[in-house]
Amino acid sequence: MATVPLLTDQDAPAASRAVFDDIRAARGTDYVNNFWRALAHDPDSLRAIWDRLGAVMAPGALDPLVKELVYIAVSATNGCSYCVHSHTAAARAKGMTAQQHAELLAVIGMASQTNALATALQVPTDPRFQED
Amino acid sequence: MATVPLLTDQDAPAASRAVFDDIRAARGTDYVNNFWRALAHDPDSLRAIWDRLGAVMAPGALDPLVKELVYIAVSATNGCSYCVHSHTAAARAKGMTAQQHAELLAVIGMASQTNALATALQVPTDPRFQED
Amino acid sequence: MATVPLLTDQDAPAASRAVFDDIRAARGTDYVNNFWRALAHDPDSLRAIWDRLGAVMAPGALDPLVKELVYIAVSATNGCSYCVHSHTAAARAKGMTAQQHAELLAVIGMASQTNALATALQVPTDPRFQED
Amino acid sequence: MATVPLLTDQDAPAASRAVFDDIRAARGTDYVNNFWRALAHDPDSLRAIWDRLGAVMAPGALDPLVKELVYIAVSATNGCSYCVHSHTAAARAKGMTAQQHAELLAVIGMASQTNALATALQVPTDPRFQED
Amino acid sequence: MATVPLLTDQDAPAASRAVFDDIRAARGTDYVNNFWRALAHDPDSLRAIWDRLGAVMAPGALDPLVKELVYIAVSATNGCSYCVHSHTAAARAKGMTAQQHAELLAVIGMASQTNALATALQVPTDPRFQED
Amino acid sequence: MATVPLLTDQDAPAASRAVFDDIRAARGTDYVNNFWRALAHDPDSLRAIWDRLGAVMAPGALDPLVKELVYIAVSATNGCSYCVHSHTAAARAKGMTAQQHAELLAVIGMASQTNALATALQVPTDPRFQED
């Protein structure tokens, strides 16, 4: 259970229902997932995050699938179970193959290992890695 | 300062010097960065991690640059200062543009925000996001 | 399931039962929640943590409700599901309104976003932010 | 050093300079701190984050000082050195006393301890803490 | 549910089945736990991690039980529920007593508390703690 | 710089000076390290943490050196630079050899890798790992 009720369309404030409608239109589905229904208690946050997410995840210098892979990597590292599940599903919907998923996981694992070692060793940054 | 001395070629065990040589050959440079010099106290770890890193970061279903972006994302989320610097430098060496960097950062920021919200709200995973 | 059995009053060591009684008296309820029942295998830890928690969360220069909000923020950031649930409930019991909860969540989300960006950018601290 | 150059007013894109001006106006100071100068490479992120931050940290059901205390708690838990320094300075500017700071730290410490214990024990959430 | 199907012996690639057999032989049991079945989609990762884990956890200058205690500590701090459960079980299988478990938890809790305080206070490292 | 001044013996409250004296007596040295000098603004926290730390780190079912190794593991995982340095120094003072240090680091690295993989895969806990 969430720490707040998940709001149905009927229970949500009108401003949040309007975001639900935007979500449906953007995704071409009637389904609005639990994250947005939990966030709907705060229409300002819901609107700000949904709008900004759309801008951030749109095609740009990086491909939308690459952005989803990065999202999974951050979510796994933060230990967010919900986010790992939802963004793994989103990456698959954007075409992530099983082989790409496997390689993503291998990179996440290696990075986590060398991060831990660099921190445990307190390795000082090489001057050549410093910008400016 | 690191929690161990950074080993020069002269001070490193022979098995670690051999890895230093592999690093130089693979990268086409004489420079061996601090992480490997700190790890060189343990030739088995140094060898295992260097070899596995090469396999994981090699071209595959994902592009090496995409893998570096994921590495940066994990390193930033884990708060590893050394790793953020070294892998940002590595991504630039592999062609990361300023625009790609900016988009990467925007995704890392958004993911961190929604991760925190999903966790603070303890949103239950939608059944449709569950595999099997 | 916990990694240890949750101890009932009957199974708990006498020194832990004494803490259970203190918990009941302090809270005016017969219910002792799972955290304390799991910790009861170690009466010294149970006593030390319960006593110190009472001192730390007592009214002082900060209001007990403010302290609960901070507790939720730390718990969410650490990804502790149990703690998010229990301290959200505790904050409500101390009067947290839905509006206060929504604003708390918005701050947690923004902080997580700018934390990630500052770390990914490795922004050096402005001298004027340094004490001394 | 940051992973990108900190942009001066002269080097920043016009859209980022406009945000710098908003920062100066909102704070009544000429000083624009490093975080914004690093973010200024991406005027869209800079604008979105500055604007949203202003809304989130404004007086509401929670006092701006309470919001700063929460910001410090999240920043410390995420291990963001820059953010701990800048938001501790911000909290002092909003009136945080030494006694309030000490109590904040004590709560952060206690929460971190019990978070770790609840996770290491994998304590199941009490049904009464679950919403709905 | 995992984000990938857990592979049975029949569904797993031959190279992964070979690792399953090594796991069975090393542990003297027919049971292969879920982690390896999830990882089996990527035989290279499965092989690399299983082999390296065996080397790292083998008796050496540190006792295998001590290594399991460290593994639990890292897993709890990273908030990995699966890993806390599996390595607590592994530690018990290697002889961890209830008293050792309680002391381990107390150290994890204390370290988490003082880590948070040192970070929130941004305490500078004493020169005498610096190697070299 | 810390977010608070490091208190000298002259500037510290009397109750904190008394803890400084206990630290000196327990360690057989005149030196009081920065962590305690930063914490000394809050004599109650200083006293509570110093006293509890002494009890937790004392010889018991686990050896004091093993406890220091666990402390390092938690500190590295939490990314606490100060704590990694101070507890690595403390472990050396308690006899940690270079080989033990290397093995500790290898375990921390492996655990961080498999933690990340188990979380990214959202592996469900095997029933046999569940207590009760």
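All chains are identified by letter, namely A, B, C, D, E and F, in their written order; residue positions are counted from 1 within each chain.
To be clear about the criterion, contacts are C-beta pairs under 8 Å (C-beta built on N, C-alpha and C of every residue); 3 or more make two chains touch, one makes a residue touch a chain.
Protein names from UniProt, one per chain: A, B, C, D, E, F = Carboxymuconolactone decarboxylase family protein.
The structure displayed is predicted, hence computed values, not measured ones.
Enquirer: Figure out the least number of contact steps between chain A and chain F, where 1 means they touch directly.
Expert: 1
Enquirer: Figure out the least number of contact steps between chain B and chain D, where 1 means they touch directly.
Expert: So the least number of steps between the two chains is 1.
Enquirer: Provide the labels of all chains in contact with chain E and in contact with chain F.
Expert: Intersection of chain E and chain F contact lists gives A, B, C, D.
Enquirer: Fitting the CA atoms of chain D to chain F, what rotation angle results, rounded to the nearest 5 degrees?
Expert: 120
Enquirer: Roughly how many whole angstrom separate the Cα centroids of chain D and chain E?
Expert: 33
Enquirer: Distance from the CA centroid of chain A to that of chain D, rounded to the nearest Å?
Expert: 20
Enquirer: When the centre of a chain is set as the mean of its C-alpha atoms, what distance in Å lies between chain C and chain E?
Expert: A distance of 26 Å separates the two centres.
Enquirer: Do you know which chain F residues sit against two or more other chains?
Expert: Residue numbers touching two or more other chains: 1-4, 6, 44-45, 49, 52, 73-74, 77-81, 84-85, 88, 102, 104-106, 108-117, 119-122, 130-131.
Enquirer: Specify the contact topology among the chains shown, as one of line, ring, star, complete or other.
Expert: Drawn as a graph, the chains make a fully connected set, so complete.
Enquirer: In their shared complex, at which residues does chain E touch chain A?
Expert: The contact residues of chain E facing chain A are 3-4, 41-42, 44-45, 49, 74, 78-80.
Enquirer: Provide the residue numbers of chain D that touch chain F in the complex, in ascending order.
Expert: Checking each residue of chain D against chain F gives 79, 84-85, 88, 98, 101-102, 105-106, 109, 116.
Enquirer: Note which residues of chain D are touching chain C in the complex, please.
Expert: Touch residues, chain D against chain C: 1-4, 6, 31, 33-35, 38-39, 45, 49, 52-53, 56-57, 60-62, 66-67, 69-71, 73-75, 77-83, 85-89, 97, 99-100, 102-104, 106-126, 128-131.
Enquirer: Which positions of chain B touch chain E when the two form their complex?
Expert: Against chain E, the touching part of chain B is residues 1-6, 44, 48, 52, 55, 130-132.
Enquirer: Where on chain A is chain F touching in the complex?
Expert: That would be residues 72-73, 76-77, 79, 81, 84-85, 104-105, 108-117, 119-122 of chain A.
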